[in-house]
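The same chain A turns up in both complexes below, where it pairs with chain B and then with chain C.
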Partner chain A sequence: MDKASHLSVVIDLSPTQWHLCSQSSNPYPLTLQSFLSQLLAFFNSHIACKDENTLAVFGAFPGKSVLLYSSTTIAAEEHSVNADANTYRPFKVLDSTIMGSIRNQLEALELLEAEAPIGLVGAITKSLCYINRLTIPSSSTTPAEEKQAPLDPRILIFSVSPDQSPSYIPIMNSIFSAQKLKVTIDVCKIYGPDSVFLQQAAHLTGGSYLHLNRPDAVLQYLTMSFLPPPGIRQLLSVPTQDKIDFRAACFCHKKIVDIGFVCSVCLSIFCNPVPVCSTCR
Partner chain B sequence: MPSTVCTAKTSYKKLPGLLELTSTHLQWTQDGKKASLVKVPHSEAVSLFCSKEGAAQVRLKVAVVGDDAGHNFTFTSPQPVALAEREKFKNELTNIIARNRTASATPAATAPGTPSALARSTSLAPRGTSSPARNAVSRAASASSDSRGTPVANDPTSDFRLRKKVLLGNPELASLHRELVMGGHISENEFWEGREHLLLAQAAAESQKRGKPGQLVDPRPQTVDGEIKIVITPQLVHDIFEEYPVVAKAYNDNVPNKLSEAEFWKRYFQSKLFNAHRASIRSSAAQHVVKDDPIFDKYLEKDDDDLEPRRLRDESVDIFIDLGATQEDHGETGNIKDVTMQAGKQRAVLPLIRKFNEHSERLLNTTLGEPATKRRRTDVAEGPDHYSQIDLEDLHDNQSTTGIILNMQDRERYFDGRSADPLGSQAASEKFDFRSTLQEVKISLQDWSTSLNRLKLDRKAGDEALNGMTQNVAARLEVKRTKHDIPENLFRQMTTCQTAANEFLRQFWLSIYPPVIDGQTVSTATPAQKAAKAAKMIDYLSRTHEKVDALVQTAQQEGVDPARVHVAMKPVLDAVDNALDFWRKRNSKPLR
Partner chain C sequence: MPPRRIGDDFDADSDSDVSILDDLEDVGRARGKGKGKAIDRRRKDKGKGKAKEQPYAWEASYTRSWDTVQEDEAGSLQGAVQDLIARGRRRRLLAPATAIRRTIIRHLILVLDLSSAMMDRDMRPTRFDLMLQYAREFIVEWFDQNPLGQIGIVGMRSGLGERIGEMTGNPQEVLKAISERHKLEPNGEPSLQNAIEMARSTMSHLPTHSSREITVIFGSLTTCDPGNIHDTLESCLKDRIRISVVALAAEMKICRDLCDKTGGQFGVALNEGHFKDLLFELIPPPAARALARTGSGAPANPAADLMMMGFPTRLPDTSPPALCVCHSQLKSEGFLCPRCRAKVCDVPTDCDICGLMIVSSPHLARSYHHLFPVKAYQAVMALVDTPSPAPGCHGCAQLFEKMASTMTNTTEGMSPLGRYRCPDCHNDFCTDCDVFVHDVVHCCPGCGK
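So, the complex of A and B:
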């Protein structure tokens, strides 16, 4: 780990799905509380690996997505954090910032009547934008700052919600942007059925997709698979999925289809053959 | 009614009759009959053979496309008349055949013999040197280009021929064909349904016209019975005259006044002129047979080995390939003169190189048109257009390309991730009150600090996770490490099973999903036929499991780990199960 590495994390914080995940009827239930504790431990180890390592955390809430924490904005909030004799101060700052923002966001959700679909795509897009800003320094930054632009950027997605087929096109577009930015997307599926789109995201960007067999030991998975940056993965052999679901969602009804019909001009996918493509005519 | 070019009394298969050459056909009619027994279109005449002069019978043989035996005609008029008649036929037919040859490019190597002074052979048999296969190819090409303008294979015979060709060129497809069609599983037409593009490609490739063969005219002596002979054919004569106009001139000057035709060729092949015309250095071996010849030496040109070629090329050289164009840039300070590419460094090879160049030029001109038209084209490109010639598209910076803007109709709906479409999971989640779950989540957030401090992983869970991941990595390493050691026989069976199942799947889905785009639609099957076919395919597919089980048993007998066969066949079985499921669901629907 001689290079600094940047990690953007997208956390799926759907209250319903977390409720389902923590049900004791599951073989290995995982409560949100326990998950967040383990996640914070993982964040701290990422920061501790190297001084220059950076972190950005995005929360995907029902109907919205928010930047919960980023290493670059930390300075302002540092003073409001109480010192703790047992904790290394930067860890403490990181942990309390993340937890504080999650709480604030959940509070805002009180106004909603029912749970809106999860804003996962928004969170992924925001993290891509964030990485783009880091890798392409603006003209105002000094050369010294430029040098610190972290290499090997990657996105780690924690997913508990099932696929939303309407978001197929935005997800695919994010995957293509990630490929262009040379961003690796890792996926950690904690609860629920395998996600078709996220499998493809991990496969197409060279990341690894991990469906946890023992969600209660999520920290074990995190440290083993997702702590090393992509550069080191080639030497380490990180577990991943060997079977990938390549199905796509049709553009017309947003259904995931086995057999689709593709427009030869604009590559739109349809579940039924249509004489005229509705996308490009 | 096509006009008659020449006629002669001949016998064909020992029957007396009349041989006629019209502007389109060569035909023979038996005496007293109306209809012609033999009718050969000009385009089908391939080669011509004559009996030697002075033979008892004056015969003419014409070989046609698809029939090397051809037709034998014996001229029945008295000797001198018969000879004259035959000469006339020979001349006309030679021209026709030469035309055919340039059109269809039958290999120029066919060297059947008319008798000559050197070839004392009385044989009428063709001395074809080209392989039968190659003959077949060119014949097919000429046939298809002549008879049909469009290469659409409609008639069954050519369809069959095309299919055979495609299979011959594609061993994998051939083995699949053997397995499925010859095994009686699916019909020939079913097999080709959906593969029409292969046939079309083959037909298109065949109907492509071949250009003039690029071979230099180089008559090679053959050793027959210890004598060195060169067999002359009317075609060879034609080629020689075309290649070396000087020989044609000599022929016109001397034959038949000073020399007979046979004498002419005999002397020509022994002359210095012939030696100068030879295409290779090999000629030095034959040097000792070269004699001075007063007639031919007149036509001998000086060796073309001066620095300046005798025949100057009259076209202006393109400025971008003219090495002399930048000469002035290489003054005292510039680069040293090029030492590797000096023209005429080796004087002896100059004539040969120039001969090759002239030959190539002639060949190019026959395909591209005369240099006159070519020059006009370059003239136009001259002047300010030089810049556009070096302005290569590949050198443009492609970073700034804007791409093609996709005109999307109603584009909002593609970006709308939260469409009204109900989520699949919504039904399940509605059971939970959103507010209560939200409350629950919020409670779990309180006191995160103590929870973090008390974080302790269950050892068993951690171990299990570790094992799971290790197995995952190990399994992938295993695949990389294991060598292919399945016995050849079993492996072939597995491959066959796999390709067969794939073909059945293809046929099945093809009958389920009809290509709706009209115009190009080739399948003419009715829905009922399609349904029947799908049912048949399902029948085959449902047996795939048995086949795989049989393979697994074979594997056990052969001492191969059956699990490996299972793993290998798993994807196919999955696909088959998918199709079976689909079929079951589809069929159960209408019943309700």
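So, the complex of A and C:
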């Protein structure tokens, strides 16, 4: 770990899915509370690995996405946190900022809003914008304050919700921009069925997709697989995915097909031959 | 139509007195500096508009690398950078907002001029070296935006057309074909007709759903043809081949005709940067209606026809090894044809056994952003009518400037506050994110779609 590394984290904070995940009928239930406390330990170890390491945390809430914490803009708020003799100060700032903003966001949710589709796409694109600003020399900063761009930027997505078929195209677009920025996307699937979109995201950007068998031991998975930056992971044996589904969903019924009919003009996929393409007609 | 005043246009100075003949263009020229994107006619004027600002490469007595980027009074490059950004913004605003039909499966023959005229040094280091360099960048970018397309390369040398690279969908193979400079050493006269006939015969068997395009980089002012090139033009029209020419020297009537009649684009490069601009304008998939407009016998709106495609399953690296049908090699990883279960090494490809076109869904998805472009953001000029403006960029959370900047307000289309607002979700974005969202991500972080 010679160079500083940047980590952007996207947390899926769908209240419904987290409620289902914490049900005691699951073999290994995990509550949001205990997940967050394990997650904070992981964040602290990332910061502790190297002083220059940077971190940005994005929350995907129903219908919106919010930047919860960013190590570059937090300096101003640092004074508002009470000092604690037993805690390393940056840890304390990080923990209280993240917990505070998650609490505020969840409390602000209306009952109706809680069922809205999760803002995962927004959170991923925001994290890409954030990394884009870190990696390009900004037009608004003078050369003097320009820092060395962090090496190996990566995005870690914690997912509990199933795939939403309308977000297929935006997620694909995000994957391609991540490839352009040389960003690795890691996916940690905590609860629910495997996400075909996020599997492809991890595969296409060279990251790893991990479906947790024991969600209650999430910290163990995190430190073993996701703490080392991608450059070091080649030396470790990080779990890889077995089979990747490259099949596509048809535009007409969102059904997974292995042989489809593709419009020669716009490449829309249909499961049956149609006389007129409904996308580009 | 008003009579044309000779001499009021830069054209009169250039070698192209032929263009005075086609008075139809006066309509377009009256609009002044056309920056339109989709309309061919307006695009021609773009070159003319620029001509008033920048000298031709051969008129300059020195390399102007310091001209293009100028420091302002404070010694910073900010002004120049912002000018570039502003130009990009204006181009986006002028682009049509609705999704237009574009040909996505493209077949392109890149015709390179390898005649002795390419050794001219009016572009640094030579026209030839610059052409090779830009051609490489062009190929990489082209495959990035047209993942299902194929490129072949033909050279014009010693009065003959030379097949340099076979038509293929693999960017590495295309790049390899032009990687060896000494094999492409310029010599003799070029022959447009021979090269175009060769390109045409290469593409004659292609199915109707794909586009057939020829892009010529032409440095010479002569062409040495065995027959009547207008016959070639007629047969290209019949085959619905679109020809675009980037000329490095000056306008030639026949080049202009080839492009105009087939619906392609014609441009004369003024200098190194303009050469690259002209070439890279040919990268985005052309709108399909341009093709319908020119095809004389073709229906105005060709019905979209469907292609049958197979989406394979990728075998893991740990699966038991088996022979692939393409190279007969023993391998673990590979893709299974969904129809006949044959194992192929790489996609996209045609199955060697049953002929089904095998693609993976990411290959298709790479083209979808052309269909659903992000709406252009509007520059926020003042905050008076915004009740509670967001303190930071909605994308990257960078804080906005509180005060309007005095330096940028001269540039048209730029926000003095550095804020650009999405017309759908009404969130504000900074300049960097504006460029990034529209050029790279193709998805607004606020709308999430």
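Here is the rule we go by: the second predicted complex is superposed on the first by the 253 of 281 C-alpha atoms of A that agree within 3 Å, B and C clash if a C-alpha of one lies under 4 Å from a C-alpha of the other, contacts with A are read in each partner's own complex, and residues count from 1 in each chain.
Heads up, the rule we're going with is that a contact is a pair of C-beta atoms (placed from the backbone, for glycine too) under 8 Å apart; a residue touches a chain by one contact, two chains touch by 3 or more.
The structure presented is a predicted model; accordingly, all values stated were derived computationally and were not measured.
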Quiz prompt | First, second, both or neither for A:99, with chain B first and chain C second | solution = first
Exercise. Please work out whether A:167 is in contact with chain B alone, chain C alone, both, or neither, and reply first, second, both or neither.
Key: both
Quiz item: Given the touch rule stated above, what does A:110 touch, chain B (first), chain C (second), both, or neither?
Solution: first
Exercise. Report for A:121: first if it touches chain B alone, second if chain C alone, otherwise both or neither.
Key: both
Quiz item: Where does A:280 make contact in the superposed view: on chain B (first), on chain C (second), on both, or on neither?
Solution: both
Exercise. Report for A:133: first if it touches chain B alone, second if chain C alone, otherwise both or neither.
Key: second
Self-check item: Partner chain(s) touched by A:224 [first = chain B, second = chain C, both, neither]
Solution: first
Quiz item: Thinking of the overlay built on chain A, is A:232 touched by chain B (first), by chain C (second), by both, or by neither?
Solution: neither
Practice problem: Could you say whether A:248 touches chain B, chain C, both of them, or neither, answering first, second, both or neither? | Solution: second
Quiz item: Can you list the residues of chain A that meet both chain B and chain C?
Solution: 121-122, 166-167, 169-170, 240, 242, 258-259, 266, 273, 275, 279-281
Quiz item: Across the complex, what residues on chain B touch chain A?
Solution: 406-410, 414-419, 421, 423-425, 429, 432, 434-435, 437-438, 440-442, 444-445, 448-449, 451-453, 455, 457-458, 461-462, 464-466, 468-469, 472-473, 475-477, 509, 513, 515-517, 578
Quiz item: For the complex, which residues does chain A have touching chain B?
Solution: 13, 15-20, 28, 31-34, 36-38, 40-41, 63, 84, 86, 95-96, 99, 102-103, 106-107, 109-110, 112-117, 121-122, 161-162, 164-167, 169-170, 212-214, 216-217, 219-221, 224-225, 237-240, 242, 251, 253-254, 258-259, 266, 273, 275, 278-281
Practice problem: Sort out for me which residues of chain A touch chain C in the complex. | Solution: 65, 67, 70, 73, 119, 121-122, 125-126, 128-130, 132-133, 136, 138-140, 142, 166-170, 172-177, 180-181, 200, 204, 240-248, 257-267, 269-270, 273-277, 279-281
Quiz item: For chain C, which residues are in contact with chain A within the complex?
Solution: 76, 78, 81-82, 85, 99, 101-105, 148, 209-210, 288, 303-318, 335, 338-339, 347, 356, 360-362, 364-369, 371-372, 392-399, 401, 418, 430-433, 436-437, 440-449
